[in-house]
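In the two assemblies presented below, subunit A is common to both, partnered first by subunit B and then by subunit C.
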Partner chain A sequence: MFAAHLPPLAGSLFSLLSITSLLLAFVMLGSRWLNAYLGAFALQSWLIALLSAAVAYYGDYPELYGIAALTALFRGLVLPYLLLRITRRLNVDRELHERLSPSSSLVVGGLLVVFAFVVSAHLGATLGLTGTIAVLALTTMLSMKLIGFLMLMVRSEVVSQILGLLVIENGIFLGSQILVPGMPLLIELVILFDLLVVVACFGVLVRYLVVHAGTTSTRDLKRLVG
Partner chain B sequence: MIRPILLQIAQILTVLSLAPLVQGLILQWEERVQRAQGPGIFQPYRDLWKLFHKQLVVPETASFIYWAAPVVAFTCMLTVPILIPVLTNFPLPLSDMGDILGGGLILTLASFFITLAGLDSGSAYGGIGSSRAVMLGILAEPTLILVFVGITLLAKSMLPFVVNHLLVGQPAVYWSPAHLFLVAAFFILLLVETDRLPIHSSTHIEVYMIEEGRILEYSGPLLALLKWASAMKQFLLYTIFCNVLLLPWGLSLQGTALGALGAAGGLLVKFAAVGAVVVAVETAQSRLRYYRYQEPLAASFLLALLAIVANQLR
Partner chain C sequence: MSPAIVVIVILAAPLAAAVGCELIRSPRFAEYLNLAASILVFAAALRLLPIALGGPYTLWDRYLIVDPLGAWVLLSVATVYLLASLYAIGYMRALNSPARLHRFYALFAGFALTMLLGPLMNNIGVYWIAIELTTLVSTFLVGFEKTRESIEAAWKYIVVVSAGISLALLGIILYYWGGSLTLGPTYALTWGTLRAVAPHLNPMIALTAFLLVFIGFGTKVGLAPMHTWLPDAHSEGPAPVSAMLSGALLNTAMIGIVRFIQVTDAVHLGILPRTVVVAIGALSLAIAALFITRQTDVKRLMAYSSVEHMGVMTLGFGFGGPLGVAGALYHMLNHSLNKSLMFFGSGDAMHAFRTKRIGRIHHVLTSMPVAGALWVAGAVAITGAPPFGLFLSEFTILRAGLAGPNAWAVFVMLVLLVVIFVGFLNHFRAMYFGENPKAEAATGRWQLRAADRFWCVLPMWLALIPLLAMGLWWPSAFSHYFAVIAAQLGGGAR
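Now for the complex of A and B:
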């Protein structure tokens, strides 16, 4: 397996990149401003693109360079730009009614990271991978997914909900880059297009919500309309 | 035989004599950043001298705790430098009395007694100061423990000397995310524990006071002891931050007089660097509202947690 035999320098580079992207997920979790979410998301995508390039370099997968470039372009530039357009149109620049204060959600997120840590440590011990980058990647992936779910739960603005989904997706992508680096190029392309479609759909949905319901907060959308 | 003991005494004297200087340096730089003249860097020494020559006024309601607290706090601050690498990078006599956790315990003991003294005289501001200090302690303590756990996992030991050797000897560990995140987490704790800005007010108005509020009833030599103890606490935390975590180089290897002197000089240079960062933070940050105190500490908690997670790789 690629991740089990790495030079130490590459190992610390990978761990630095993945832990920093986990930190950026926490920046999204702990901030009140939508623009801060967007900035953190863009930066996280750039870091993951760097990670892909590093995997391509150390693991000798030339097609991953292309994926790194596509990640930087789509996740790092296009998606944040589309989301920025949605937030501009909405005139909400911050999450007003969070169900959990940012510092409490940071602590809850920290507990989720501990949970992911324990789970992946057990998995790593079962597979005989203890102490390799694979376990760390697994921890980062699981924690980013859980943090994304947490964001979906405690935030009610539509834009934060999209970002929660995107964080989950970034987490899976980060994990897959390290754990199974040789995925076919086509699958990556399909995932990227999926994301574009998701964000475009959300854009349409937001427009519809603003016109017909007058709000984009899930708090106000309680009544079922037939 | 006699040299290690002399070195140990030199460590304590270094902390005792240089602590007000570091305080003065930071206070002056803060004013300079705002384009004011600022006090001289030796002003804390002059303040201490003045206070030691003032009359002692004791509140009528004060009990023996009022008298004991400054002495206990000062003694605690004299004890901690025995345990940590101030000048030499090898353990000296009595250095094995306690590990990092032991040092933390002694620092907390001093804080505990000052809190009691704040409550002792029954004044309103003392009570407010004490309750706020305890609240901060409750928020900061879990993070501190977590940072210690992180250090222990990193070095497989709780002795500060072992951590120092490890970081000097292995650059890969020094640049690993586990260590860098621990440094960041400890830096936030450093700001909180040494009365710096995201939490503490730079202007001493009674409603904002935390540390100052607890010692508002003191005057004369006892106040001087408390101020000196607080400067020493800052010096000690900076020492742990620099010599154990951030800049573990530049300590005396053999324990010669020249080496110890050089290490003391190096200590001042390191503290000036850390102080410059602290001044930058203090200038850029405004004071947080009381109910947002947990935010920097939650961030610090998280950084420590991430450091522990990152430690998985190795």
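Now for the complex of A and C:
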């Protein structure tokens, strides 16, 4: 497997990029400002694009250069731009009523990373991959997944919820770049395209929410129960 | 006829209808175009059944698969699409928003297209995308009426299901990773490849991946405790959309779970994976029983009944073996017919009484005699009473469970089915024969033109008659068909 035999420099580079992406997820958790979320998400996407390029270089997967460019373009530019348009239109610039304060979210997020690490280390140990980049990739993937879910739970602004889903997606994408760099190009392209359509759909729905429900916060969506 | 031609018809008809409805903005043209497409799809799905029996065919560079299991799910999707298209004509005319009708039918046909894609997908990544697409299209159908409640339902639907299904993507990546340790870094992850490589998978990876995909696609199937989006989406969409969501969409995600169970059997993980499946199925029944008994909203009542029946199907597939698979597949088609009938009936009642609250619906038979009678017959059928099809399929699933290691679930299922029977029919007793505590003025009148009423009642007949027939007589051709599918799924056979 590719991730098991890496030159030390490549290993450090991959680790640095994954850990920094994970830290950026914590930036989102620790802030109330939607612009901070957006910035962190955009930066995270750029780092993942860099990671794709690095994997392409060290693992000799030339098609990943294309994926890197598309990631930077779509995840790093188009998606943040679409989300920025949504926030501008909404006149909301921060979370008003988070269910869990940013500082508590950071603590919970830390615990989730520990959990993710335990699971990944266990998985890695059964494969004899302890201490390799594969365990780190699994940890990052699971952590970002859990942090995304945490954001969905404790943040109520619609934009934060969309970003929560996008963090989940970014985590999966990051992990898959290291674990399965040879995944067929078509699948990666279609998933990228799918992401774009998802955000476009969310954009339309947000407009409906504002016009027909008069709110930008999911706290007000509590009519349907039982 | 080669499978490729039939598949092309199945996919091209709704595509053409969606594009045609959007381009030619005439409500009358749109409803008949959509109806024509649905008839064509239904005929093609029927034709595909015997063809698919010839074994799994793969088409177009192995991206599409035609196998008996997929063809069966396609038949249930096509049936609901046809019935719902008939019903939509009467129902949507009565809503009086002709300006947006063409958009409705474009989305409706598009939704049907995405659902027909799912069971045909051979590449697991592409299957995931097809399931994701069904969410994106149907969100706008759920929110079509643009009331505050329907937008809320659409939002919850897309967020909960997207989050849930992302778990399935993670599981698929793990499967791919596990397979790449044997097959090398680049290969196409089809159902066949995964099944072939399954015995070489690392058991820990296979188990983790299976749990992730089960939870992920289980969200889409509406299994408890991931069912939270389902009652909202099913109750707030227009009635034909509710029927499509419940009778067709849930099945297209169920087929993914079934195929992953098959893969997991090949890994030899013991009984743990199947026990998880059975336990989640039983939990769905329990949650549904609680919410059905105390329900106040007629469409949410039907929605929780879907959670129940998805639980029953999950139990059937979880028990496995020829009986379990046959029962679950028979249940799938019966449920598709029956749940469409139930949502059509609720749509009629909503037209007549201008409310969804069970407490405000009285003396249904006096305000809509024919539709009311069909609706209550459907209610008896959906609780699993003889002589309707669901009785036979539930009975078969119970028998399958007794033979296996998870026999405890059979007793749980029996008790909960009785609770649901009483709880569900009690609501119908109140709506049909209950005394109205308020003034008599609350009696509803079904104010539809005769032509529209015809479109509303016809699909109810078309759903009830086969349901009754399949309750009285289990066709031997079906038995043969299910035996072939069960043999191909293998694994759980005991």
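Keep in mind that, in the parts below, the second predicted complex is superposed on the first by the 224 of 226 C-alpha atoms of A that agree within 3 Å, B and C clash if a C-alpha of one lies under 4 Å from a C-alpha of the other, contacts with A are read in each partner's own complex, and residues count from 1 in each chain.
Assume contacts are C-beta pairs under 8 Å (C-beta built on N, C-alpha and C of every residue); 3 or more make two chains touch, one makes a residue touch a chain.
Note that this is a predicted model, so its numbers are computed, not measured.
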Practice prompt. Mind checking the superposed model to see whether subunit B and subunit C fit together on subunit A or clash?
Written response: fit
Practice prompt. Using the touch definition from the top, say if A:191 reaches subunit B (first), subunit C (second), both or neither.
Written response: second
Item to complete: Identify which of subunit B and subunit C touches the larger number of residues of subunit A.
Response: C
Worksheet item: For A:10, is the partner it touches subunit B (first), subunit C (second), both, or none of the two (neither)?
Response: neither
Discussion item. Looking at A:107, would you say it contacts subunit B, subunit C, both, or neither? Reply first, second, both or neither.
Written reply: first
Worksheet item: Is A:82 in contact with subunit B, with subunit C, with both, or with neither (first, second, both, neither)?
Response: neither
Practice prompt. Using the superposition on chain A described above, determine whether A:73 touches subunit B (first), subunit C (second), both, or neither.
Written response: neither
Worksheet item: In the superposed arrangement, which partner chain does A:50 touch: subunit B (first), subunit C (second), both, or neither?
Response: neither
Worksheet item: Taking the superposition as given, does A:223 touch the first partner, subunit B, the second, subunit C, both, or neither?
Response: second
Discussion item. Considering the aligned complexes, could you tell me the closest Cα pair distance between subunit B and subunit C in angstrom?
Written reply: 19
Worksheet item: On subunit A, what residues does subunit B touch that subunit C touches as well?
Response: none
Fill in: subunit A residues touching subunit C - in the complex, by the definition given at the top
1-2, 119, 122-123, 126-127, 141, 145, 148-149, 152, 158, 161, 164-165, 168-169, 172, 175-176, 179-184, 187, 190-191, 194, 197-198, 201-202, 204-205, 208-209, 212-214, 218, 221, 223-224, 226
Fill in: Complex contacts: residues of subunit B adjacent to subunit A
172, 175-177, 180-181, 292, 294-295, 297-299, 301-303, 305-306, 308-310, 312-314
Worksheet entry | Interfacial residue positions of subunit C with respect to subunit A in the complex | 123, 125-126, 129, 132-133, 136, 139-140, 143, 146-149, 151-156, 158-159, 162-163, 166-167, 169-170, 173, 176-177, 180-181, 184-188, 202-205, 208, 231-232, 235-236, 291, 294-297, 300
Discussion item. List the residues on subunit A that touch subunit B in their complex, please.
Written reply: 8-9, 11-12, 15-16, 19-20, 22-23, 26, 30, 102-104, 106-107, 109-110, 113-114, 117, 121, 131-133, 135-136, 139, 143
